[in-house]
């Protein structure tokens, strides 16, 4: 049983990380920590994907030195996916951060609860 | 066709007076005209009724639903009730004219008073239970304004109570009618009924239906448990109305029970069943209860009303025995009680009219004002108590005989015993006014001696006549009893 | 062509009503107003005649006319059968009279074009319910009826009216939602593959489970029963009396509530089939519900002092008479239910019109305020008394006939079912209710004709002829029907035989 | 290969490019461009639909001529064509109808940004509809999320900002789960294109291996997409999000975006996993339960609202519940009903959001029930629009909602285990819908408190409809007509859905 665990270290690490990120994203009230959680979660998935594509003893799938035999390289698709994923995650993170800045400017807080409270107060004042 | 006249002439005449009479009821001269018209119409009505009773006949009115026709037919029992109604109604009408002399709304009273006999004749001469039911409801509705006439708070309350008890009772009975229509296939009266003891067993709901009808129609006859309206409604009405309500209209309840048990279900099917026991128990209970309450009641008219409750149940007891002798006694008591109670109520009305007193113990010294009327009252009271040779004795005798002759188990003895007890109570509640009236005593104690005018002749005459009749019918019962026993045979044997 | 003929009476009023909305800005002068009024009355009357002619020509049987296909087997189809003729005829007879009455009643109200628009639309929609040839069409018009009538309840625009309207809507739509389940069930397990009505039902009994079928029937019964104010879903009706009296009288005593009852009849006898349901627990459940309603509503009516609300409670109990008839699941039961459907319509509309006439003439709305009015408005209260007597089931008025048929049907159903006690209890309940009817109706008449004090009679008169004519007509009709109702009953019995 | 087959690709690219071009245009031009792009997309989608209907089969389109295992594919069939057509139609109407409100609600400098986001949204939606590649789907899911988030926050009120952040958080969770599902799938099958993946899954299922990973894939993928489409209990981001955006954005987000994810989920079930393996995983029962719960609780929450915007938003929660209930039935009929409801609800919700906005306009831009009293008279067209929308939601016959209800009910009849639950849920939910929609509706036609809107004319006043922008009128009328068409002539659409679903597997 434990032996099997040792076989899949990358996957296990990925799942643990995913769990951590997911929990942070879901439960933390601080926006920055939420975003961090999201990044951890994404990274976990990339790790998972990269681990899937890795074949022991092979090279990075970049044609160097004229070796065209596919057997010399690792599976390129997961790597491609990871790259795309990183792009996506960067843009989401950027958007989230932009939003956070907006909210901070407005309510001077990063705590979502506080923000909600002061937002309600603001609305009541308007009425 | 001749039967239509006593039914529809009163309705038309009443309606005409209602419409046209309003203008005549106020002014002096035209008021006399109104009274005249009323009396003439009443006389005509009475004539028609008697004529119809004499001639008989058979008319089909209409067919209501597929197998249900409505028709009129003058059979023996119908004629008996018809004649009784006609006589009582006419005498009371004479009385009413002088009683309502000062009343500003006489036309309304006259109108409805004229209408009620139409309904009564309809149900007396009904050929089937449906027609009977129609006129039964019509009678309730046309007699309601008589109760409401005074329009005091009590009168309106009493009227509504009268209405709801009557309607409720009628609806209870309607259950039985529905069932009979279903089970018997027809509602046309058939002497001896549609069921025998054997065929009754195949109709599971027959007995409950019968009980429903007895209790339901019993409401009109003031039978326990639906008697509550009677002591309230009768006193609230003007005296002529109370008189006919007590004397005549309660008897329609009797007729209804008679018709549905003897002429539809059949005495065969009921004899010896639990329904008969229930019927007898209820009627005896009412007899006792009514007398007891009358005995304790200080208001004179109310006391008479309770007396009616008690006395009409004598009749129901007689019918419940399912025995020719009992039947005879019952019908005789119908006639006698009708005469007596009409007289008593008219007397009570005269007292109120002349002296304004309403309570029984206030009548000290009444003998000085209206000695003759009080005499008539005394005669009627004695008759009701059942002192021979006055009329009440005859009917009670037959009732007791019937009870003893029937095979109703414990009721054979219980019945006469209760009747006897009730007779004692009757004496207890009817005679004190007589004693106080004639023998006021000398002490100037409360209540004060009564004072007032003499009753007018038109008032005294009917009282006198009825009082005399109460005694004379007992002295010479031959023809009446002969007629009744023929009816009894037909009714029981079929 | 035949389709247009048949659909005409349904769509003519609907278009008339819509036209009236468009005309609204144009009706500015009294002259135009009376012109529009005349035209409207003429149209309504014409529509009624059209309907009458259709009934007369078809003799109660017309071929089905498919208008269009809603989805799959769901077609909008009209077909005039004899039971439909009964309802359509009744509605067509009452509507012009009610419209006439409404002209007089609404004299002083605002937003009349809107009112009459919806009033007329309701006419068409109700006829749609009557003429529907299958369950889907009936459901469609049933729903439409809700939406055509709720503005009428809203009409006073007070917050009380709004509350009443909301309640009406919730209840009606809720009911329709459950009726919809029945529709789906019938659609799925119909032996003919469609929902077209077949006398005696068209459900393929073997297909669905027995208990499931019964459960769905009960749900649908209660669903349609909501409009027929079945306890415990009756609450909307007494409140809806805030509407102007022509609405309460015609819609909440006849058109809307009778549509509910009619739908129940269709569901029971023409879709599920009485034979399938007879003697099952479902029958006892629905019968029990009807009986509880009767007892409850007639008792509540006695306690209620608001006149129109009292009448509304009376309507509730009387509608359950019809449902009780339906739940007998026998031919005679259906015939009796139809008889009561007709008779109750006439008497209740008469009673409501009296209440409305008093309201317009004197402004009195509570029973306790009516002392002595009977002497000032004898015709009105005379008609009311006739309606009251008929409602109680006093012969020779028409109410007796229907009550009679109902009770005899119940008793024979009881003996057919091997001495089942439930129908007998039903008869007892009906008689109890009749007594209560006596109390709550006649106490009004007595009060009006025999006030406690003779003094201070208000100086009022009977209303004008437009109100009086329908009243007298209805009262006369009650008597006439009571006396010569035989052919009608025979015709209804035929319908019952066909469908039972 | 016929030229028409290029259209799906063209429409995606067109939308995307118009977004890019818009970034250098002024607001008005961006708007025109955007509307034209959506219109052209609509036409192209119609052509695709026509092509597929005529040929009667679907086709696969290789992007860049890489064959199956490596390339990126687009697949178009009847259902894809239909969905694309209806989505772009609803989008077009939402945009046209909301033009004026976009001008007022969005600051002038950001007008073109709004239309960029719209364009991106369109392109990502189309991509979700057409793509045959799971990873492409993921990418466009993210683009969609970003565009959606932008649409929410563009009004820049405090409410919309917090709503956006909540939306972002929940969406990230959802996409994260979806992505991990994809990775696992790739792990198990080595495929990301739908058709080969399906074959591989089929083989795995046959061999009886990897049962647990497959279960996890189904669960994680479903939950991820369920979160993104706002299935109860993951709905708490919905009310604010839909409630505080511009009407166009609300209509698109509620009517289309969440539906895009559901469409993807259906594809995931049909095209990647086989329906059998989905059924075996019992995920359907879970979705069914949550769907029913969503129907009830969404409606109950909606009843508790006094703010119209939130009420409509909560109604969306309930309607999403309907769709999941249909999916959860696990029968083809249930799926057809669910797909139909996607369209029906899309059209209805767009109508409701738009006409509600029209009503706020005449009520001093207030949204509570009291303020809206009598607004049905002040803006007749919006009132009628709202009326039709509400009635459709309640399931009034002849409107689209009725057909949905009908389809759900009939499909329930075919799955005995869930029949009674479904039927009762439908009935109860109808009642609840009636309660909140009709409560508002009676308010709309009740005269306002006296003097409240003297300038806007009284209850009977003739102000009705004046001041409605032409675009608004067109949009509301078209959506009403659309609703009626879906209600009255639903047969061809349902047939198309049936065919399309058949082509899926």
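Going in written order, the chains are labelled A, B, C and D, and every chain counts its residues from 1.
The working rule: a residue touches a chain if its C-beta (ideal position, glycine included) is under 8 Å from a C-beta of that chain, and two chains touch if they have at least 3 such contacts.
Since the model is a prediction, treat every value here as computed from it, not as a measurement.
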item: Most widely separated chain from subunit A, with each centre as the mean of CA atoms; value: B
item: For subunit C paired with subunit D, centre-to-centre distance based on mean C-alpha positions, whole Å; value: 43
item: Cα-centroid distance, subunit A relative to subunit D, in whole angstrom; value: 27
item: Cα-centroid distance, subunit A relative to subunit B, in whole angstrom; value: 102
item: Chain-level touch network, classified as line, ring, star, complete or other; value: line
item: All chain pairs that touch each other; value: A-D, B-C, C-D
item: Complex contacts: residues of subunit D adjacent to subunit C; value: 391, 394-398, 403, 405-406, 409-410, 412-413, 420, 423-424, 426-428, 430-431, 434-435, 438-439, 442-443, 445-447, 459-460, 462, 488, 490-491, 494
item: List of subunit C residues in touch with subunit D within their complex; value: 25, 68-72, 74, 111, 136, 139-140, 143-144, 147, 150-151, 154, 157, 162, 165-166, 169-170, 173-174, 176-178, 180-181, 184-185, 187-188, 212, 215-216, 219, 223
item: Subunit D residues touching subunit A - in the complex, by the definition given at the top; value: 70, 135, 138-139, 142, 145-146, 149-150, 153, 156, 158-159, 161-162, 164-165, 168-169, 172-173, 176, 179-180, 183, 186-187, 192
item: Subunit A to subunit D touching residues, read off their complex; value: 18, 21-22, 25-26, 31, 34, 38, 41-42, 45, 48-49, 52, 77-78, 81, 84-85, 88, 91-92, 95-96, 99-100, 102-103, 106-107, 112, 115-116, 119, 122-123
item: Subunit C-facing residues of subunit B, complex; value: 62-66, 130, 133-134, 137, 141, 144-145, 148, 151-153, 155-156, 159-160, 163-164, 167-168, 171-172, 174-175, 178-179, 181-182, 204-205
